[in-house]
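Next come two complexes, and both contain chain A; in the first it sits with chain B, in the second with chain C.
Presenting the complex of A and B:
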């Protein structure tokens, strides 16, 4: 009994940091409507800065002062970020905001390694809380008890701040209707900045307070952000009480989940999240969102199937691509195969995002599931390559069918966070369930059979499947189903009013996208000869998002160009610099701020402008005629 | 009139939020080809009533019989399948599609082709879409991006979309809101003409009393959730209770007078 009670207390102690970070995220979202992906980065920075300060200054004052100063320092960094970057994207679609803040996260990962080095850092114990308290023979660190007491205190302080101060009233008013608050003459800029500073302070404090419990390392950011996303999805974005309750819930589930499913404890959290989403899609304490902003929405030029000339051009490009083995060496062909595979992957995400308006932040899950599917079939079941290649992606289909069912119940940022959390859950299973997946060591020896083994043959195989996939997706875009999907994206109200079951349509699209991603993953497994949990990771999901964005999110198949350019550039970049994350992160931020239409989108915009400039007099006339 | 079938029959419909009775025991009927207006001051319960009819809201009690089926608790899309067309106070269209494609999507849904992954939507029911657009006078705009349309044209497009499932009943929530006076008259004339030709029943809410008194066959007046008057425009116009409610709004009662001066 005592053991379970101590386990319960450990869970409560873990909830403290989670609550601090989640409440910060919620407060920022409530006012600015930005889901700050970089919140995990601020948490990690808080831990690193606190580590340095507490090492530098001795004594109790040095330690506790160091913790608080660290959080303040990071809050100042947050203010700079808000002023320089976020102010430019408050009115951008939420996808762009998520991506820009993710770009920031990537940059911070390289920056902390540059400053503090790649090794884990062990922080000091907290003065006054070094020992452990004996509880019926079970020991519990006294620092844990401190953390348990801290969360309700912070919750109370936040409550006082929001209920009893003028600033708090303004923040609550802005959370309900920020335009109204602006109309009343409140300086919104500084309100937003101060709210962001508070949110970042809480995140950094959460990180700083962890140093006596946990080693500081440069992967802390993604670990915490995923948990925080789960917490706010359960608790409800924008609700501080929700963040508190859900943080406790998730931490307890983790603490006891380890006892029940030691290998895959995260399953328990997933199940609870699924139940909450079915019963209350906007979270336990959240409110139903007003109509979500449309993800694409920069232009409204209707899509057209390719003209005869464009078809000819595409066929020509394909022929050129097919002749690559005549001139290129083996390395170039391997790179070519990889690019073709990523064309499939990016195109499948592009379909979901552009046509469906569903920006998935966890599309790699289905890529990875396809890869593992092939590995299981080829290695464990010993099936021939062609059979594995066709059946392996079914695992991606299955995953997309299960997760997609829940994900499409939500939209906008909730959809993004949920898909990310699902992907992370699949990743954790692949990582932790060593007996089946090989864990971090992956599954090796997934080689193609003789007929596909040569780089040239494998390249042709990949190119062929990529062509078929892209053509299939284009057919679907212009099919009745594609229109139903776009209708659901454009106006859920109208599509429901003309008999369209939007959720079912979106679910179908999710399954289609997931299955095609699974094909990409299946090919990838054969290309690399192995499968690792990385093929399910967040960074792969984000790579796909960047490919779509780079190609142009509002185009029909811009992702094809985006994937080719991005993959070629990143392979080159990794060979040139050790700071690829820093460069990549900066690159993402740059596209979002300066180049949101992407390559194909920009080209189309130029063409449309020329065309409409030439056609304007005619259309004006016809308009006048019909009006009369 | 007894030969004309009843399309919609509402009995004792009620809905309350907390202690507020938004709609209190409302009953009425609507026959084929009839234009019925639902009016009342702000907060009278018009929208709540409307939302319960089209499935966006579930009543606390009462019955709704639509074309012989009990529709309480059914989703809007299921009610649409029964033959109900719908337009919104603020137009809901698909801005990234052309005008014709907006109608074609509705026809795709009507033809139960929503999960057809292979066909070409551009060619789907193209003539039928053209006919519907011609009917509302939008034929010349078929190829235009819907996002470029003026507001009055969007309203007409919505009407064409609402007619795509060959409805027996049209539910129009403030059909002329946000339009210029001249456009209002044109749109309502168009609606009335189509309804008469195809024998479609029309239920609409409206704030513009000129529109109501000129076009409605019958008027329902809601106040604080209850039906306080029902009858022909003349009857409602003469009702002292209705006058009392509306006096503060500076209502122009005499539509005939306006007709003489305006159109």
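Presenting the complex of A and C:
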């Protein structure tokens, strides 16, 4: 009995650190609607700065003072980031801020290694909380008890702050309806900055408080960020109490789960999230999101098919691309094939995001399923390449059909997180089911047959499929189905009123996108000759998002350019420098500032401005807003 | 205007570093791939090691008079990126041989690439048994003692312990799984009286140490096998120390004696664990002295195990190239099979049967000295003594 009680307390202590970080993320999202990918980076910075301060200043005051000062220092960094970077892009399309914070995260990963060195650092134990308390023969670390006590205190303090101060009232109001708060004359700039500062402070505090029990190293951010997102979503976005309950739920399930299934930790949070979101689409304590006032499709000039000249131009570009084997060597052609594959992958996600209005955080699942499909067919069944290439993506289709059915019941960030959960579940199956998938060691020897083996032939094959995929998606966009999908995106109510079955349309779009991603994955398996679980992983899903956002989410085919720029830059940087993350992150941040609508989106906006300035009065071209 | 400036800066960054290497005549280029950006703590000492070896090789006249050049690439910790890098090295840089890699899945991806493209590959660090056995191929050789060898060395000591109730803690991926499987198999062969009372599988890099320590303690084992390393090991040791998990319990632990993993533990270092590792401060052989002096003189730092691996990888590559006196992969394979060469750990041989080198490891006990973790009573175990019989190896290795 004593054991179970102590295990419960241990779970609570784990929950405390999760809660601190999650509450900060939840507050930031609630008010600013920023999906702050850099939250983990601030957590990590908190730990590093606290390590330096507590090593320099000894004694109880040095330690506890160091923790608090570290959190304050990082909060100041957060304020700078908000003022210099994020303020410029609040009006960018939804999720674009994700790109900026992703770039920052990449940079911070390299910067901490440059400053603090590559080794794992061991911080001091907390003065006064070094030992353990004996409880019927079971030992409870006293620092755990401190953390257990701290989290309700933080929860209470936040509650007071939000319920009893004018600032708190504004924050709550903005969480519910930030446009109305702005209309009432509240200075949003400073509200956002202060909220961001508080959120970052909590993240850094969470990181700093880990140094007596954890190691400080440069992968801390990735370890926490996904888990924290999950906790926030399970609890309900913007709900502090929800974050608290979810943190406790997840930690306790883990603490007791490992007693029965020792391998469960790897997937537990995602299972919990999937179940919670299917049963309660807005998390445990969340409320349905208010309908967005600005919908993505309406803030830009309406889409239209390419003009004759543009068609000619695209065909010309394609011919140039097809001539690459005449001039380029084998390596360039293989890189070209990889870029073509990622064009398919990014275009499929782009279709879902910009046409369907459904941002998936787990699109790699269908890419990876396509890759595994090919690997099974080619290796286990011994089918010829052309058959595997055609049938392999069906596994992606199947996955998309099953998961898409549940996912399209949700919208916004909840949709994104459910797709992430499904992707992680698929990933962990590939990772754990060693007998079938080879686990972490993957499936080797998936090489193309002779006719496709030469780099030039494989390049033409990839380019051909990529062209067909992009063309197909454009046809769909301007087909009646495409209009129905856009109608559902722009106004679910009105489209339903005219008889469009929104969920079915979105589900179909999800399956189309998943199948095309499967084709990309199938080609990828043959390009690399092997398939590993990381072709289903989070980082690949994030890469796809980045490509789409980089190209411009409000465009018809921006992802094509986004994929080419991102993939070419990342392959080249990884080859040229060990600091590829720092340079890539900086590059992304620069692009975010220079092209606030993505590369293609911004170029189109400039062209439209020129054209309309010449043709008609500017006032007619102003923003159209709907009233839901 | 401001936007244009930023754009310009972006382009400037993109253009810097374009300068590639036009290579002179009379050079032999080999390619090297490792997870420099993902695992700098292990790959930095490794890089220093191979840089030292490269300097020594060229100072001694290179490869039969030709200068040895190493072109090094980062794989970012992803098998797919490693394949891209391997392709660049082979197709674009025209290297005659691939070396390196740390993670097992990356080692396997590159070894499969080497097999497909018929390129010689000398795997440096990956531990998986598959790379030389179940997924072995004629183009791939491996330097470091494998999972099986490390397990066999530890089992020899562990079997002497009186403990009968054992629990295991291992990271939940291929390395942890196969380490536990081999250890259990070899241990149960030597000690049929042993019971396995609990196993914990925290996700690699994400251990929630408190509940794991509690769960193991609840099973009340007499001895524990640990396979976690790096940040997970630090968390596990801290929680274990606070909660008294290691008190009066024997612990056997993979790799923990390597400075990479032992040094960060500082004053938390648990005493008396049976570990494999690299006690550089305790090795008094002429071969090692020479290496240690040269390393410390060049880098003003002490070597980690990665330094040894990096150093010996390039030394081995040079020896193979010199013996083959050709860059033809088939001749390189013929030269490497059965090739014996000196190393800081004494003489090693690349076995003909499975292309595994006989580099060994030190087995000893952990101790705390002046607030730092060290290995004491260490003994060098030759790799050749901890491999299964030739018949067993032949059964595991695919026929080609």
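Brief remarks follow.
To be clear about the criterion, the second predicted complex is superposed on the first by the 475 of 628 C-alpha atoms of A that agree within 3 Å, B and C clash if a C-alpha of one lies under 4 Å from a C-alpha of the other, contacts with A are read in each partner's own complex, and residues count from 1 in each chain.
Just so we're on the same page, a residue touches a chain if its C-beta (ideal position, glycine included) is under 8 Å from a C-beta of that chain, and two chains touch if they have at least 3 such contacts.
Computed from a prediction, not measured in an experiment: that's the story for all the values here.
Within the superposed three-chain model, A:577 lies in touch with chain C and out of touch with chain B [touch as defined at top]. When the two complexes are superposed, the chain touching more residues of chain A, out of chain B and chain C, is C.
Look at A:594: by the touch rule set out above, it reaches chain C but stays clear of chain B. Judged by the touch definition given at the top, the superposed model places A:144 against chain C, while chain B stays out of reach.
Touch criterion met: A:530 reaches chain C, while chain B stays clear of it.
Taken in their complex, chain A has these residues touching chain B: 300-303, 305, 475-476, 478-484, 486-487, 490-491, 493-501, 505, 508, 622, 625-626. By the touch criterion stated above, chain C contacts chain A in their complex at residues 3, 6-7, 9-10, 13-14, 17, 36-38, 40-41, 44, 73-76, 78-81, 83-85, 87-88, 91-92, 104-105, 108-109, 112-113, 115-116, 128, 130, 135, 172-175, 177, 198-203, 205-206, 208-212, 214-215, 217-218, 230-231, 234-235, 238-239, 242-244, 263-266, 268. Those residues of chain A that touch chain C in the shared complex are 3, 6-7, 10-11, 13-14, 110, 113, 118-122, 131-132, 138-141, 143-144, 213-215, 217-219, 223, 251, 254-255, 258-259, 262-263, 265-266, 329-332, 334-335, 338, 431-432, 434, 439-442, 444-445, 447, 455, 524, 528-530, 532, 534-535, 539, 569, 571, 574-581, 583, 586-587, 590-591, 593-594. Residues 54, 75-77, 80-81, 86, 88, 92-98, 101, 104-106, 108-110, 113-122, 124, 140-141, 145-148, 161, 164-165 of chain B touch chain A in their complex.
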